[in-house]
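Pasting the structures in now, so scroll down.
In the two assemblies presented below, chain A is common to both, partnered first by chain B and then by chain C.
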Partner chain A sequence: MRIISGIVFTIGMMLLALPATAQERSALKKGFELSANSGKRILVFRPSVSVGAQSTGGMFEPNGDWTERASKNIQVSLERLQSRLGNTVIVAPEAYGEEAQRLQEHMSLFAAVSQAVIEYQFFVGNRLPTKKRDNKNDVFDWSLGAGVASLPGAQDADYALFIYNRDAYGSTGRKILQVLALLGPGIAVKSGEHAGYAGLVDLKTGDLLWLNADGAMGGDVREEEGSEKRVRQLLEDFPGSAIKQEQ
Partner chain B sequence: MTLCGASRLLASAVLALSGVPASAQKAAVLSPYAGVYQPQGIDEVGMWREDDESERALAASPLVIRDEKLTGYIRDVLCATVGLDRCGSVRVYVIREPVFNATMSPNGTMRIFSGLLLRVRSEAELGAVLGHEFGHFERRHSLAKFKAGRSGSDLLAWSGLLTSMVRNYTVLRAYRDLRWSVYGSLFRYGRDQEREADLLGVSYLNQSSLPPQAATAVWQNLMGELAASATARGVRKPNFNAVAFTASHPPQGERADYLAALAAPEAASRNDGTARYREALAAWLPLLLDDQIKLNDFGASDYLIQNLASDGWTADLWFARAELYRARGNQRDFVNAIQFYANAIAMRDGLPAAHRGLGLALIKSGRQVDGQAALQRYLQLSPDASDAKMIRLMIPGGSMQ
Partner chain C sequence: MKNAIVAAALMALLSVTFQVPSASAHKLRQKGEAVTVADSRLTVTPQCDWNRLSGKPGKNAETWTLDGGQLNDLTFYAGIEAGKPLVKERHKKKDPLPKFGKSTLLVELPELLEGTYRTYKKIGAFQLTSTAPARFLGQDGVIFTYDYTDADQITRKGEATAAIVDGKLYMVSFDAPRLHYFDKAIADVRALVATATL
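And then the complex of A and B:
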């Protein structure tokens, strides 16, 4: 089924000639403030990183080597940037048995909640009625529930940071297609996909404190320098952050 | 580009895609296991990494039935089917989902859906399905399908571009035809893979200690279930020999035929492990039946229950049948349900849910007093039931307290 949706997607890209939309939004829970150098401990759960190429027809071609490299690079950049914010990054301990199951449920829950935020609060014109009102009144109110306090490593930290990254680099064929389509019939074919989001969760209450989502990110995560840029983008609106101004 | 050139290009592309080898109608004699379980090349390494991530999530998923005994048993059946040298590369996960399915992914993750366990009736039948799935793994079908899909979508991307350059109706029509033939050939490619896995599945069984005739029995049984389901819904019986354009698998009738032909005839007398299978599943049967009944497919569920009861009814089976009838809930169904609950209780009294169902069915058919007595008995047997307060309201003198 994935193949077919890939094909349908390709056709969609070819015929509709969608312009590349860069959807970037971040939001902060009202009343939440984190002053610089507040010395908070931030627990980072295994970031979801997937790196590959985009075939000529638009299919995602996962690449194990790139993904491994990107995971390592992102981890290094994360620790460096957070220490500059005055925070300590704690890598979540490996979980076993029931703890692992609870963690897995919360990872899925975070993915679902952040997708809901992106879909219903960040995208204008696609909002649930309740969130429409929330947006008007500048309310950002989402939570994973108090269960997060029981996650492995939670007792040693103040906040949890979840990170998601998916990169598809346009293959040579895709790039050639892109150029020819533009030169010939003037169709805009998108080459590559670089999506990422990062979220901060209060480990006492489970409230989502901050979320940053970007459908078109910069920085080549396969290189150390590029991943630094990527993580900088992911964290640019991080509460108490001075990262943005440095760019 | 000339018009003729463009359509020739499209035609040759179609030919290139359709070069899928037809599966030979002969059960293979298996070569020694080649140790295919290390990924090679960018695509395969990439797929395995994604797969490893998804298995990591699966291992901690609440969907998985965590019963070491059950999982170990299924693994033993797999090993008995494909051999000890092969089965070492597989991790078995039983997923609580009441449909007839099992999957195998590139890195050796085998997912068994709980609905499969309710439908196969012996170790040999289970082995037939497990062997089929292992065949996909041994022949690296996911990888081949990924590559076929990529070639197909690449071709469509290029031909779509060329078509849009020519802007001629004939070429556009050729492109549309090409699109359908690419889709069609991808689906057919998938069906050919299924046939190949079927052949391998029978080959494993032929060389094992289990009777390979079980493979055809699985599909005969499934056709029986589908027919029963259609009858109960009052729709036409499905055609078991027609191939739909988007079908992912060959039609059941065809599978049953060639699987029967490929089974080694002299192996028919082997022990198919029905008794062992029944014993291993006994503890899980009530849950599996309960999940099945909730699918709201009366014909299929009744077929399955009667099939399981072919060697004698048990309290669990009578209870499941009673629940099925009560769930459909026509007035005439309650008469049957009451009888079935009574049969279950006669065989085993300590079955609280049977008294509950009996009570509710009796009240529904107007026998208030008998019904309340049955509900009393339910509350006696299971005073802390989650619905105890609600049930108490239906009994005279009962209250929320």
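And then the complex of A and C:
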């Protein structure tokens, strides 16, 4: 019996340990530097936030109440930390109609680009051959395209800070399935999803200058304290900022 | 008994280890080098370096990308036989895919792709934007364009070229977000499609 519990423990430890050892989390475009108080203007868009539950089958079920609470919490934490980003922060004007739609689509594209970076560049064992070569030459080449220049507020700034956040909290059924899977034939079942991406984008070219992306972040965004932790984690290593030193 | 338990444990550990995508099975497809695709005789010569993704969407299908499947998806369907779907069916009973048939006409191919996407990608908004006759693989074929909005709320544009040769379907499709990514690669894709031979 002791052997079996030892085996279960070992498998559990491996499940926990594997992603951490195989993955990078942030990157900076070659040659890009942003020193503190450089006089650059950074446009900050309202973060794209969605929070929900993960059903037993793994489907995302949005929860309006949680999303609203998390959006508010994240916004408050972001405002608190903005002054520490080290440059002039401009809050993006409220967008309406077609403009709001265009911004939303760019936010979604930012999320897709971040996911691709995690999947095919940060995850060393899964690198695309062309990206592998890029990495060897220290090239970090990802872009949202020059369309960003037409986003609301872009003409008044040099860079834009995009933040995307998605949390799915595992339902009871999902958690039970996760435990059962651990005891079974070794199928990895993940309970919950906590993805957060923060990226600095050149507002002329759309090129990604800095990205901090993680598919497994800390902090419960439904709580104020948790949101503060999440936003600090998102902005950790932001070029030229004083946020990391405070941790 | 102890040995059996230890062996079972080792097997379990190994199977967990292999859950992680194995050491890059994605393959480089080099500019200027002719290569066969989707386990068929269909040969193409890329005009820039591409990556062939390790996972295949179907028995006679294969996907190439530049930056990841979500940003540029070049899929080859090569030698699809009558009675078969374009990609592997996930649930034969619950989510059956439309099948290419003996009597399928060139003009019906956009509908075949649309029906496949609606079930396979679970998308609602799919719009065919143009259809025109084209030469492909030395035969009369069809070229069509479309756009759709995926569950990730990104609108993607697509262009596909297809022909039916000896009763089998050959098709190359390219899908990418309409923001930046489609326009960035479409010229290279068209040049690659023009090199296709059997």
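Quick notes on this structure:
The rule we apply is simple: the second predicted complex is superposed on the first by the 169 of 247 C-alpha atoms of A that agree within 3 Å, B and C clash if a C-alpha of one lies under 4 Å from a C-alpha of the other, contacts with A are read in each partner's own complex, and residues count from 1 in each chain.
Keep this in mind: a contact is a pair of C-beta atoms (placed from the backbone, for glycine too) under 8 Å apart; a residue touches a chain by one contact, two chains touch by 3 or more.
Predicted, not measured: the structure shown is a model, and the values here were computed from it.
Look at A:238: by the touch rule set out above, it reaches neither chain B nor chain C.
In the superposed model, A:123 makes contact with chain C only, not with chain B.
In the superposed model, A:115 lies in contact with chain C only, and not with chain B. In the superposition on chain A, no contact is made by A:164 with either chain B or chain C. Look at A:105: by the touch rule set out above, it reaches both chain B and chain C.
Of the two partner chains, neither chain B nor chain C is touched by A:210. Of the two partner chains placed by the overlay, only chain B lies in contact with A:64; chain C stays clear of it. Under the contact criterion defined above, the residues of chain A that touch both chain B in one complex and chain C in the other are 3-4, 7, 10-11, 14-15, 104-105, 108, 185, 187. Residues 2-4, 6-7, 10-11, 14-15, 48, 50, 52, 55-59, 61-65, 67-68, 95, 100-101, 103-105, 107-108, 173, 177, 180-181, 184-185, 187 of chain A are the ones touching chain B in the complex. For chain C in complex with chain A, the touching residues are 2, 5-6, 8-9, 11-13, 15-17, 19-24, 26-28, 49-51, 65-68, 70-71, 152-155, 177, 179-181, 184. Interface residues of chain B facing chain A in the complex, by the touch rule stated above, are 39, 42-43, 45-50, 53, 57, 59-62, 145-146, 148-150, 152-158, 160-161, 164-165, 179, 182-183, 186. Residues of chain A touching chain C in their complex: 3-4, 7, 10-11, 14-15, 18-19, 22, 104-106, 108-109, 111-113, 115-116, 119-120, 123, 125-132, 142-147, 185-188, 206.
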